[in-house]
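Everything on this sheet refers to the single structure shown next.
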Amino acid sequence: MFWEQLLNGLTLGSTYALIALGYTMVYGIVQLINFAHGEIYMFGAFAGLILVSFFGFNLIAAMLAAMLFCMLLGILVERIAYRPLRGKSSRLSALISAIGVSIFLSTLMALMAGTNTHRYPEVIAHQSYHLGSLDLSLMQILILAVSALLMIGLQFMVQKTRIGKAMRACSQDLDASYLMGINVNRVISFTFAVGSALAAAGGVMVGVYYNAVWPYMGMMAGLKAFAAAVMGGIGSIPGAMIGGLSLGIMEIMGVAYLSSSYKDAIAFGMLILVLLIRPQGLMGQKISKKV
Amino acid sequence: MIRGRKSRWAMLLCLLLAVALLAGCSSNKEAAEGNKDADKSQEEAIKLGFLGATTGDVANYGIPGKKGMEMAIDDLNAQGGILGKKVEGVYEDNKGENSEIALIATKYITRDKVVAMVGDPCTGLTKVAADIAQKNKVVIFSAGATGTGVVEIGDYVFRNTLLDQFAVPSVVDWMMNSKGWKNFAIITSLNIGYSTALTPVFQEAIKAKGGKIVIEDTINNGETDFTAQITKLKNAGADVLVFTGYYREAALLQNEAKKQGLDITLLGGDGLYGHDLIKLGKDAVEEKVIYYCGFSSDQPSPETDAFIKKYVERFKEQPDMFSAQYYDAVMILAKAMTDAKSTDPAVFKDELARLKDYPGVSGNTTFRADREPIKSPICLITVKDGEFFLLEKIPVKVQ
Amino acid sequence: MPVLTLEGISQEFGGLRALDGVNMVVEEGEIFGIIGPNGAGKTTLFNIITGIYVPSEGDLIFKERRINRMATHNIARLGIGRTFQNIRLFNKLSVLDNVRVGSHGISRSGFFKSLLGLPSMLREEKEIKSRAEELLELVGLYDKKMEYADNLAYGEQRRLEIARALALKPSLLLLDEPAAGMNSGEKVELMKFIEQIRQEMKLTILLVEHDMSLVMTICERIAVLDYGRKIAEGPPEEIKNDERVIQSYLGVGA
Amino acid sequence: MNGLDAAITQYIDPYYLRIMILLGINIILALGLNLITGVTGQLSMGHAGFMSIGAYTSAILSMQFGFSYLMALLAGAAVAAFFGFLIGIPTLRLEGDYLAMVTIGFAEIIRVFFLNFEPGGKAVGLSGIPQHTNFITVWLIALLIIALNTRLLKSRMGRAFYAIRENEIAAASTGIDTTRLKILAFTAGSFLGGLGGGLYSHYMYYINPQDFGFMKSIELLNMVILGGMGSIPGTILGSFILTLAPEMLRIVAEYRLLFYGALLVILMIFRPNGILGDVRIYDLKKRWGRKEVKTCQS
């Protein structure tokens, strides 16, 4: 049973990790907890649902289209709700604006799609493989593989490409990057786009895996993914992956071997603990205050 | 300086509040005066307030309930109303929130001057409204509250639901004797009162009948990941899964069970009623979910048959338990008022308490001496060919 | 008598040595200047003295007390007031309130006293206010006491920061580039003002400055920092003629 | 006092009365949050957590231990304050966003705790709480809180709270013990949160853990932000608007949250300090004064 539960945890954890990546990228560059990120994940799941059930897309095509859609949504959100605040307002204002966007988007979806849960059609036939006593389903393999692929791609992009370098420069010092001739606004838009695309991929996969999407799925998933990002060390891409995976495993193991009554408390309890013991997170670097 | 003269601001605001307050008073006077005129017209209209959510998480109980109530009121008016007076329904959406239902109940009583309120389908919300109704001496008639501690609030509080504490022992009896299930798994939805209240009722009944609970677990309403719970369940060796929560999670649990290759029947209370159970669960719930409730549109009595036909004609959909219970609630209130020859809640509530063997569309209802309803029989419903299907009717044995 | 003594102060930031074994003695009543090129560690030194950074090595002694690991607010309460290189005012508080907050370290009414408005608290409030008004008069901002701090002009903000630091009744005042962004006329006035407050309030002043002429005019002694090391110390004339100073710092401009 | 309440109740429409009482409770809750977030600048997004601690503690004390109303309220508030103190300690090390996460996490843990808390009736909730809270008690307490709050914010302590919000390092260099005061603000704010919770539970007759979820915290935060962060009249105005608006907008209830969300964004863009956040009598006077002069000249 342990190995099966571990697999459950890894699957759940990789969805957290995908959402956490978006959080961590945005936070790394503009120091903003993008509360609307969970809602983008939800919109991604719904976009995939519509494409699959009404337009007959296959899984990969639906996922790519949903990612594209959420890229645009992410850029739009940034333009409307965050850019006007940048520079002239406090971080508190930006955070509150993010909460506003989050409430707005989830309510919007609830008005459009109803508050109830929708079934995701089975895009791929359920199939499971036996590895000794372990049951491994095709969907689990797919989630793990796609997550790993996206994460590696992201890491490559940030480390090796031109725009990745610009992103890293911005995360060090926004003003200095601006002075160095980097189009900061474009880099930020790009960051939101990439983060949103990852969230959309997560949304579609979660929808297919659990066969269910609903308008309020973003809130809790977003909070937990953020907890994962903080645990891993916000701003760090490997940190977000490790944080997400370990949160997923901890939650599942908590349910499996301790009590399922405290499942939500586990995520937040760990978050508080990590912040108290190691505020910079597991993989983060200590930043000294600038005076 | 941010604060400097703020104390003046505070005073100004207090003044403003006072003005608002006065406005409240004066409009109250107006309302009172208005009521004098309205009194005449009110002599013709008997008002009933609807309690239930038409938006939010529990809207799928409130919406059909509202339809049932509307239909009952129209039927009454078609027959000439109650005691020659017209009946009028007042409808507000309480969104399933405590503070909302409290405000709405107050509004019904003080502004709309209702003689009775019908609802709410949820036990907790009913309690909030019942407290207000009792204090203001207005009858409240819940069409769905199945938990304990409702009618104890006072003699103006009634309900016409099949109570879990009466139904569950019979259901457990059926599971053990007709089905031969001896080893039970119980999963509770931790964050809904309905579920945490129902679980102990099952536990007691199972213990009393000599069954064995092999595993107890919890989930959270609103989650989608139940992989860990199902993996645990797979290794527990249960014959049947008793799930005391709502339909959404039941469907998702069965989905996950199917994926993990676990073939088990899930049984629960009327919280499992909801067409989303079938929409979400599809073949995973096909003949794999059973719930008990007081109403089924299959094998109807003549009264029920007439009700169903009319309902389908009007709303183009099948009625459910809540539409039937709201319908009955209004009709039972009308009967009590007619028999008592009074629309004064203080008078007709006593007549109401004496109700015996009322042949409603949701089954026969009798109030015990403590005003708890006894309804018989229980319908066991399952899913077949993508529809709810009456599996069996079993009688209720009340000790 | 020395007011402030620095003994072998070193500060490292993740391997980077910002200060390296700095020794310094500031005597009572003097105006002591610290100069040095950008990144020489001048502001870091101020942050160490005021407890914002804890020095990696060395001792800080203020009036015969070690203050190495003391918290910022406790150091302030000992009587060390400061201004900041990049002005740090309470922007959404009035000018008057900025100065009133300045005296937090020397007033005492606690939470419950404030809540209940006891007579002793009201008396103290009166004192705080009248003193703040005096200080505003002194820096010439009395007429603007009700303005928000962020509505003031740059030079006024600098003066307000000094007034706020003075509200603490400090015995040692740290000024971080007080003349930054001022024209020469303003600088002359500032010099007069610094001299005046030193006389009237019996202050010891430690200042970090870029402007050589200002430092040379009003400081009695000067220390020169370069790459975290002190390379010279002495009266202005001596510094002007010091080989190493000319080489590393003045040489560029002179 | 009950006589007085009866006398007043007689003249007010009970529906209005109910709204007025809820308004009073909301003002107390929002003033508590204002102290933490508006005045001291520590973003707390878990105020409903403190409210639930006060609500449950006072309800259980008065139902099962026979505490008098006032004692139960105070005890509830004190327990909430204690937890506020505990949560205040992380403010030692954490800044804005992280603190916000910790408060959300804390409120969630509290909610999960009450979902598992047998004496609180788990998810079923607690019913039969004696209804002691009435118009007079709520508004007497609310006015007292407003008065004390006004007093506090005008004092040395109040100025120090604002100074921490404006610039923590500068505040420390004037001798303000920023850590201690942040914890103090948190403790005092959660005291008011607990007090509001106690008043709420002794008014509602029935409470359950879902009453105090994340959305409740956000609603309270909105009251503070809408009216004006750090401003007492602003907070009162915010509570006033957000308590009454849903009643006025009952017809468009479905769109309420949509409106909330959009409001937050628009407000942050156009008026980040809220409606009354930076409005002062002094400025108004000056502006009016100028206008008068102008009319004289023309």
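Remarks
For clarity, chains are labelled A, B, C and D in written order, and residue numbers in each chain start from 1.
Everything below uses one rule, namely that a contact is a pair of C-beta atoms (placed from the backbone, for glycine too) under 8 Å apart; a residue touches a chain by one contact, two chains touch by 3 or more.
Chain by chain, the UniProt names read as follows: A = Branched-chain amino acid ABC transporter permease.
This structure is a prediction, so every number in the text was calculated from the model and none was measured.
Distance from each chain's C-alpha mean to the overall C-alpha mean is smallest for D. When chain centres are set by their Cα atoms, the one at the greatest distance from chain C is B. If you average the Cα atoms of chain B and of chain D, the two centres end up 33 Å apart.
Centres computed as Cα averages put chain A at a distance of 38 Å from chain B. For chain D, the set of residues touching two or more other chains reads 115-116, 158, 162, 169, 230, 254, 278, 282.
Residues of chain A found to touch two or more other chains are 261, 264, 289, 291. The set of chain C residues touching two or more other chains comprises 52, 84, 92-93, 97, 146. The residues of chain A lying in touch with chain D in their complex are 27, 31-33, 80-81, 84-85, 89-97, 99-108, 111, 219, 223, 226-227, 230, 261-262, 264-265, 267-269, 271-272, 275-276, 279, 289, 291.
Contacts from chain D toward chain B in the complex involve residues 11-20, 22, 115-116, 121-125, 127-128, 131, 143, 146-147, 150, 153-154, 158, 162, 204-211, 230-233, 236-237, 240, 247, 250, 253-254, 276, 278, 280-282.
Contact residues of chain A toward chain B in the complex are 1, 4-5, 8-9, 11-12, 115-119, 126, 128, 135, 137, 206, 210-212, 216-217, 220, 251-252, 255-256, 259-261, 263-264.
Chain D makes touch with chain A in their complex at residues 41, 43, 45, 90, 93-94, 96-98, 100-102, 104-106, 108-109, 112-113, 115-116, 169, 214, 218, 221, 225, 254-255, 257-258, 260-265, 267-269, 272. Of all residues in chain C, only 50, 52, 71-74, 76-77, 81-82, 84, 88-93, 97, 100-107, 109-111, 114-117, 121, 124-125, 128, 146, 148, 164-165, 167-168 touch chain D in the complex they form.
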